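The same chain A turns up in both complexes below, where it pairs with chain B and then with chain C.
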Partner chain A sequence: MIGGLDFTVVWKDLPYFFLGRYPKGPLGGVGLTLYLAVVSLFLSFIGGLILGLLSVSRNRLIKWGSSAVIQTIRGMPLLMVIFWMFFLLPSLLGGGMPASWTVITALTLFTSSYMSEIVRAGILGIPKGQTEAAISTGLSHRQAMLHIILPQALRNMIPSFVNQFVSMIKDTSLAFIVGVSELTQVATQMNNRTMLYPTEIFLFIAVIYFILCFAFTELSRWLERRLAYQKAI
Partner chain B sequence: MHYHFDWAVVTGGKYYEWLVSGVYVTVKLSLVSIALSFLLGLVIAVMRMSRFGPVRWFAHGYLEFFRNTPLLVQMFFWYFGSYKILPQSVNDWLVKGDFEFAAAVIALTIYTSAFIAEDIRSGVRSIPKEQMEAARSSGFSYIRSMRYIILPQAVRLTIPPLINQFLNLMKNSSLAMTIGVAELMYQARQVESYTFKGFEAFSAATLVYLAMSFVITGLMTLYDRMVLQPIKGR
Partner chain C sequence: MARKVGFLIVALALVVAVFGSGALAADTLAAVKAKGVLVAGVKDSLPPFGSVDPNTKEFVGYDIDFVKYIAHKLGVKVEYKPVTSANRIPMLMEGRVDIDACTMTKTPDRAKQIGFSYTYFLTGQKFLTKKGTVKSLKDLEGKKIGTAKGSTSEQNVKKAVPSATILSFDDYPQGVLALEQGKVIAVTTDESILAGQLGKLQKNPATRGKYEIPDIQISNEPYGLGVRKGDTKFLDFVNATLLEMEKNGEAKKIWNRWFGPNTDSPINRGKFRITADRMGLE
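The block that comes next holds the complex of A and B.
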């Protein structure tokens, strides 16, 4: 009992909160939350890189086209993107897609467009002289981007990527809406079953999310300080 | 794909009215929450800069906790779980009114205020220390230097991130559908389940969200062009 709250409902089913029915059944809870976040982040990294490179293209059509896609997705709530995927993917792919992949697709689309802005800012943040120097040593524009600009830009972007991972962990909670049994879904199930302990259950998962996100927030701050330090010497 | 499009569903009649009422609730929810978030964010930012340790620590804890927890979980907490930690009188008062709306406002306000507080703080910190020293040495008190020298400059710099937070808040307000607030997302879903015209309903809602985002982004560009650029140019 903490301040009139009774957390036995949480302690009793602790493994369920962390792993769902795993290993006897599918993975759920914190495990699934992290799985969704890691897979989506990895895919968003690729998507963001592609979209980001397209948006700094010298071809105006590509540049404007990719910017239009990025701005459209950024102008929508994530929930809307999830509903669109939930609604469109089965009819495009003929059904049979598990809900967790619907969510991964939506999270990837959504986060890619945010990542692309980070990539774009990172590329534009590298002094122009670098490209000019690379090209005057005989590299093509593509080679200069790939071997000179991107490696430097990506290094500067690391803290922002970690921050995106924090947002991603928070965003996976929306998977609840299409019935994917990640942490928030597990909590609502528990709440529906027990009825009497909503305060305890939601406070508990809030603390779990906080611990996960705060750890990565601190990591990103540490990386930022380290990068600043390395640049200074 | 054998889908029969029927745009009439969302361009007039009962379902159109549902969507319009959803837009109204989204706008109301966003405006009420941004106003409250700004006030709360200002208080937290001032507390965060306080010279008294415990106040500063409290504000820091508040910021970190609410920024690093999903909004959806916070919304569920206030909607389902707040009755155990709030006094009975507050509960009675909340239940008498529109409780869903109130819970959504509380969750959105607390979540957004944590972000706004950081924006305000970095706005104040971006004003060089010398400004304060110069103000103090020319005879202004601490409060007056803040009031006449530091804050007017800091507020100008804080407005673009604030507009950005408003944009986020507007999009985040869609989460209120999960606790039964009949905002735009909720109504689009209602229309879908009543008519099976999901494509049309979601398209209409998407267009409205995009239009609102566009207007808010436009405000930011306008502010930048009309207020910030002239200052920088000088």
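The block that comes next holds the complex of A and C.
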């Protein structure tokens, strides 16, 4: 008992909170939340970078096309994107896709389109003189972007990236809408079984979410410090 | 380069459109036997119908026991897929589950999209309230009532008490929480689900004896197992199995296991028997 709260319900089924039905069924709980977050994080970093680079392209067709995609996805609630992907993807791909991957796709699309704006801002934030200087040394546009602009821009983007990723870690909780048993859904299951301890159960998962987000933030602060020494702009 | 990418995207979309919309096998019975697995859409957080036992990590419940028996009869294994009230019908139609066993009420509208088995569970829609607050439907007029999104309960209560404000929750326990906090005056859905929720409230010393299910019934709710529309062979097999379960006492045994007098949500089986009925379909 802690302050009138009885956390036995949590300790007793701790493995279930962390792994869900694994190994008897698919991974669930904290494990699935981490899996969804890490995979989507990795994919949306790449996706955001690509979309961001396309949206600063000198080719108008590419520029407008990519910004149309970004605007469309940003204009939809994440819940809707998850729901759409859940029904759309398996019917497009012939039904073989597990529900967790439809959620990963939705999170990736959604986060990528937000990240692309960070990437765009980061690139435009590097003074034009840098590009001009690079090109005058004989580098092509592509080389200037890859070797001169991006390395500086990416470093400046880290805090905004972290912001977006922390928000995404919490967004994984929306996967419950399609019956994917990540941490929030597992907590709901436990609460529906017992009904007596909603405060304990939801307090516990709030702490878990906080730990995940805090750990991630600390990790990126460390990365930021590591990269700071070469900073020119 | 840009053009090449454009062509590639168009080509990919065409490929997906051609191969993606592959027709579903109409004969589920043969398909299930061939792959050796029956994929069942079930609830994972709605005891006593379908939930996960955290100790064994297996699905358990009234719905689950019926699916198990059907799969056993087919000689195949079962794979359970958690579904929600909102996605269970599309998932069945798309072939991502072979059968829906998830507290689904048979309605004429739903029967246009999917096929229903004989009624395997019969209940009626009632209200869960704080003791003494609601005596008749009149007491609910103009008040807030909680229920679950996309359920028949939501539509029924709108018809029965048009002046009430309906708050739709993701599932019933959230509605009960709202009732405890006084945000709604009643939670409405099938008696079977309410009985389970009342059982939980009775277990808690803080809420024991403070809640009740008044004798106000606003609809009949026959539950059916869902199969794909036009899948006659499979539906016939499911129906025959249900009748067999009634005959050999298995159906009654399952009822008593989940709704018997010593369970958390006792419901009297009364006159209910599984028969070749068409309840809820007309």
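Following the convention adopted for this analysis, the second predicted complex is superposed on the first by the 208 of 233 C-alpha atoms of A that agree within 3 Å, B and C clash if a C-alpha of one lies under 4 Å from a C-alpha of the other, contacts with A are read in each partner's own complex, and residues count from 1 in each chain.
Criterion: a residue touches a chain if its C-beta (ideal position, glycine included) is under 8 Å from a C-beta of that chain, and two chains touch if they have at least 3 such contacts.
Note that this is a predicted model, so its numbers are computed, not measured.
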item	value
Partner chain in contact with A:174 - chain B first, chain C second, else both or neither	first
First (chain B), second (chain C), both or neither touched by A:130	neither
First, second, both or neither for A:217, with chain B first and chain C second	first
Which superposed partner A:4 touches (first chain B, second chain C, both, neither)	first
Contacts of A:84 with chain B and chain C, given as first, second, both or neither	first
Partner chain(s) touched by A:209 [first = chain B, second = chain C, both, neither]	first
Chain B versus chain C as contact partner of A:188, first or second or both or neither	both
First, second, both or neither for A:72, with chain B first and chain C second	first
First (chain B), second (chain C), both or neither touched by A:152	neither
Doubly contacted residues of chain A, that is, touched by chain B and again by chain C	87, 91, 176-177, 188, 191, 198
In the complex, chain A residues that touch chain B	3-5, 72, 74-80, 83-84, 87, 91, 166, 169-171, 173-174, 176-177, 184, 187-188, 191, 198-203, 205-206, 209-210, 213-214, 217
Residue ranges of chain A touching chain C (in the complex, touch as defined)	12-13, 16, 20-22, 24-25, 59, 61-62, 86-87, 90-95, 99, 176-179, 181, 185, 188-196, 198
Parts of chain B lying in touch with chain A, wherever the complex brings them together	1, 3, 64-65, 67-74, 76-77, 80-85, 171-172, 174-175, 177-178, 185, 188-189, 198-199, 202, 205-206, 209-210, 213-214, 217
Chain A-touching residues of chain C, taken from the complex the two chains share	2, 6, 16, 19-22, 44-47, 51-52, 54-58, 80-84, 86-87, 90, 94-96, 170-171, 173, 176-177, 197, 200-201, 203-204
